[in-house]
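Two complexes are shown next, each including chain A; its partner changes from chain B in the first to chain C in the second.
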Partner chain A sequence: MSKPVTRIPATNALMTNKRRDFMSYVWGFGLALILTLVPFALVQWQATTRGSLLIIIAVLAMVQTVVHFRFFLHLGRKRKREDLLLVLFSTSLLIIMVAGTIWIMANLAERMTPI
Partner chain B sequence: MISELFKRVEFYLDARQNKEIFIYPGLNLGAEHSNVHTQAEATVFGFWVFLMSDAIIFGMAFATYATLLQGTAGSPGPRELYHLGPIFIETLLLLTSSFTFGMASIAMKYKHPTSHLVGWLLVTLVLGVIFLGMELDDFRTMFAAGGLPTQSGFLSGFFGLVPLHGLHVTAGCIWLVCMLGQIAVHGLDSETKLGLLRLALFWHFLDIVWIFIFSVVYLGGLA
Partner chain C sequence: MSWSTTLNHPLGLLDADSFPFLAMLGSDDSDIFINGLLGSFAAALVVISVMVVVALLTRYRAWRTLWFDWLTSADHKKIGIMYVVLALVMLVRAIAEAVLMRAQGAVGLDGGFLSSDHFAQLFSTHGTIMIFFMAMPFLTGLINYVVPLQIGARDVAFPILNSISLWLTVAGAALVMTSLVVGVFSTGGWFGYPPYTGTLYNPGVGVDYWIWSLTLASLGSTLTGINIAVTIYKKRAPGMKLYYMPLFTWTALCTAIMMIFAMPPLTVVTLQLALDRYLDFHFFTNGLGGNQMNFLNMFWLFGHPEVYILILPAFGVYSEIFSTFSGKVLFGYKSLVWATMSIAFLSFLVWLHHFFTMGQSGHINAVFGIASMLIGIPTGVKIYDWMWTMLRGRVRFSVPMIYSLAFIFLFVIGGITGIMLANPILDYQVHNTVFLVAHFHNMAVPGVLFGMLAGYTFWFPKAFGFRLDERWGRISAYCWIFGWMGAFFPLYILGLMGLPRRSVAYEQASYVPLEIVAFVGALLVAAALMALVIQLWVSIKHREENRVFVGDPWDGRSLEWATSAPPPEYNFPVVPSINDRDAFTAAKEFGVGYQEPDTYVNIEIPQNSAMGPVFGGTSFLLAFGLVWQIWWLVILTGLVTIGTLVVRGFQRDTLKIIPAETVCRAHRHWIQAARSAQPIKRSQEHTAANKGRAALETVEVST
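For the complex of A and B:
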């Protein structure tokens, strides 16, 4: 039983798998390229006000992160539940710690700055 | 023992029906590499735990940077020190290297000739090294403009965050060279495949960290 599973001939379906894997990277690359080009272009030509620029950059960064996870790291609903849970749990930890730090330190700076 | 056997049989049946089974995040090698495939389940999950703890470290470095952003203490700020052009090229280099590593993973998964795999890995390595060279050049430009880490809180935060990513990319490049050596000495055995699986995750992960660096640090600083 330690004998490895014998080589499966390259059937059509296997070619489809290969094509699907390949297209995953192509889609990921294409989408990430667009999601990179847009904010760089907007900042280069200062398209709108600073406030709306920051919001657009943040939203596009979030979308690009999801694109990378989906197409490069192949994380999704079809995978085992624990892996997605690990990533989501770590993300929630990150959000709590980062947002908490910024909140507390900004509040502190505001209160401690001499008028 | 029995469960192992069942797993094998399951793989085999699914492979016969040409269904792909995914047992870990990342590109699954699948039934054609059954030995590595089952081994990878635990190994790759462990590596994900490491990646997520690394993500926490980066997150805290980002939080520190954001906290210190206003503290320029009269020394040059983001607008004087950041240049969008080189950062844009570095972003494209890293993104392309993620794609070429993907091509390497596909070459491994579908058992293309090893020369294809090595070729894609070499392209990835070259892109990574060019990225590092450009980043070092950025730092030199910043130093010349008076942007030293000791100048202000903002600059300390910057040099705590961005070079941390650069160090990770350096580690990734060294690891890549080691993997090439492993391929040359041992060929594509299970250990080498497992190493390449993990390195691929590491490489794609660093590209995700870079999204936040160019968005938060550079685009945010110049918006």
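For the complex of A and C:
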């Protein structure tokens, strides 16, 4: 991307590399799309009971997180300690936030007068 | 008001009554008239200031310079400066509001001159501005300016993203300012709890102004967080291990990571509130399964880390200052780093202490109370480290040091009241009184603001090439310190006496004397602000005798002092190689500072881009359209915004080259200046002899 855009002659290896990158994004996009549309469809047509619906949506959301990590953030190709630390840190923070929220709100619900 | 009612109006909800000035004229109630007069005065100030700025720019034909050298710039240094300018402008407004509120307090026995609605707008804007449009831009500006220099980088990792972050923040600030002229601002406080901020109790546009200005600011901050974290991870000079980074960079890293995780809950929760208000969702209403308590929960999931996002960079500034102005290595570097990281992590574990009284069980309160007290430990470690840094050092009592010393004294007091409030039992007694107001201002002013002002004084010569006037700086610092004490120590007592926060008037005559003391304190703070303005004026006037082109006026220790003042666009002609902490001090001691490299190479730096200002303009109009429900404007600006992104995606030529000859010429000029400059001793620091070359006189005292 320097000033005179130097175009390296497209060798075969580079082309396949580019193509592999592209396909990886297509895969990621496709999987993310499916993992989003399925829960919407399940809610729209009330496919199962409320309880199992919630669980299915949660599981699909987590799978989608992994898809994003794999295909968009390119984690897992080269295993690097730095990446691992960041993922662990993020996960622990998210667990704190979600678990804390559920703990607090469930406790409040318990203490409320039933309507 | 639901969106469908405004569908057929080209101006949405906007009409003549939306302008407080016109509404005031149409009323014959004297109360409305006084409040309207104050509001109109403020609105007039905004309009007149804008007109004066426009006139001056035209008069001095500065539009081109402004656009090409500043607004579209992708240079991290210029973006940093613009952030700080924004912060200072907003500081003026928020301080004016604070003085007005304390004036109302002083005469608030059974009335006063402000209506409760006006008073509520004042504290809402004061809080919103101080947090999102003063403190955040200030620290972001300092980080932006200093961090790439400290780590020996040429720019941040994503320069255009940086510009966009700036302009999103500016758009948010402009929205708050617009609310002075068109319509009203929220009366729901800076954290806008529903159901009060729902449409049922707040049908006007005030809350919408609050929602969209916060959304813009929080998006900007998230992007800033990503940018800074990536910069520090990926762009450090060769050899600079994490443990070689200056402490300010460490705090910037922790703050950036916290921004990434803490800002999204805010964005989400304000958008949920927007859905409630615009599309009749029921996230936070009692009907249809909503629960307003979750707003508190989500808001403080952001809000508590936010407190530490604000204070950590200030801690970083203090660390640099204590070390530089004591002429000593920072004591306990690693313990300071670990304390910073512990604070960053612990800050995500304590959010519930902002709503101990919401009604959850005692054991939950206990857990979060204990977690809150834990934060006192790493903070205490820091305080001791700073004191030991000064121990047996040659302490120079110049302006940054005065702020830092005042910080230690006052911050410890604030910390102790914080530990008190972390105890749920005590919190039940004083929550929602001005005791709490005194506590968090104790953290926010001597903690954050003093740090920012100290940093401003410390790095100003680096950014502009001349030192700030020392005398006016001292006057301002002492006015800040004593003004703050006068304004907030009485509030501790008033809080214990039972004065609720945010009350426009009260009935207890015993509150009056302390309220008057607080008002006098607020006046002193206003004087401090004036002194700050005068200092800038005087310094610019006498800039020639205070030039420090060589770039090291304070005998600095880290890399940012190893380049000229102001630094060239590319920061360093050759990216330095690091093999020690306090890299520049090491270079000076070994006599290898101010060296010429063997060869010069072409340097690539990011080109200017109109992306940032365009993005800022469209997002401001988008938010304005949303506030007033002007739907065609929303759609149009939305499309333009997306269009800009797409156009940018096709732009391939994003770098410009600075030829090696130019670099060589500039660098030789600087080396020449450095070699011919007389190295000065620290006793001459504030004289015209200080050209930015420090004499070697640091004597390390072994303990």
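Everything below uses one rule, namely that the second predicted complex is superposed on the first by the 93 of 115 C-alpha atoms of A that agree within 3 Å, B and C clash if a C-alpha of one lies under 4 Å from a C-alpha of the other, contacts with A are read in each partner's own complex, and residues count from 1 in each chain.
Following the convention adopted for this analysis, a contact is a pair of C-beta atoms (placed from the backbone, for glycine too) under 8 Å apart; a residue touches a chain by one contact, two chains touch by 3 or more.
Note that the structure is predicted; figures quoted are calculated from it, not measured.
Chemist: Once the shared chain is lined up, is A:97 touching chain B (first), chain C (second), both, or neither of them?
Modeler: A:97 sits against chain B and chain C alike.
Chemist: Which partner does A:82 contact after superposing on A: first (chain B), second (chain C), both, neither?
Modeler: After superposition on chain A, A:82 lies in contact with both partners, chain B and chain C.
Chemist: Applying the touch criterion given at the start, work out whether A:105 contacts chain B, chain C, both or neither, answering first, second, both or neither.
Modeler: Both partners, chain B and chain C.
Chemist: Going by the contact rule set out at the top, does A:19 touch chain B (first), chain C (second), both, or neither?
Modeler: neither
Chemist: Return the chain, chain B or chain C, that is in touch with more residues of chain A.
Modeler: Counting residues of chain A touched by each partner, the higher count goes to B.
Chemist: Based on the A-chain superposition described above, do chain B and chain C contact any of the same residues on chain A, and if so which?
Modeler: Residues 1, 5, 82, 90, 93, 97, 101, 105, which sit in both footprints.
Chemist: Which residues, counting only chain A, touch chain B once they are in their complex?
Modeler: It comes out as residues 1, 4-5, 7-8, 11, 13-14, 16-18, 21-22, 24-25, 28-29, 32-33, 36, 39-40, 43-44, 46, 50, 53-54, 57-58, 60-61, 64-65, 68-69, 72-75, 78-80, 82-84, 86-87, 90, 93-94, 97-98, 101-102, 105-106, 109.
Chemist: If we count contacts the way the header does, which residues on chain B are in touch with chain A in the complex?
Modeler: Touch list, chain B to chain A: 5, 8, 11-12, 15-16, 18, 20, 22-28, 30-32, 34-35, 45, 48-49, 52-53, 55-56, 59-60, 62-64, 66-67, 70, 84, 88, 91-92, 95-96, 98-99, 102-103, 106, 109-110, 201, 204-205, 207-208, 211-212, 214-216, 219-220, 222-223.
Chemist: Mind pulling up the chain A residues that touch chain C in the complex?
Modeler: Residues of chain A touching chain C: 1-3, 5, 82, 89-90, 93, 96-97, 100-101, 103-105, 107-108, 111.
Chemist: Inside the complex, what are the residues of chain C that reach chain A?
Modeler: Touching chain A from chain C are residues 233, 257, 261, 265, 291, 293-294, 297-298, 301, 348-349, 351-352, 358-361, 364, 604, 652-657.
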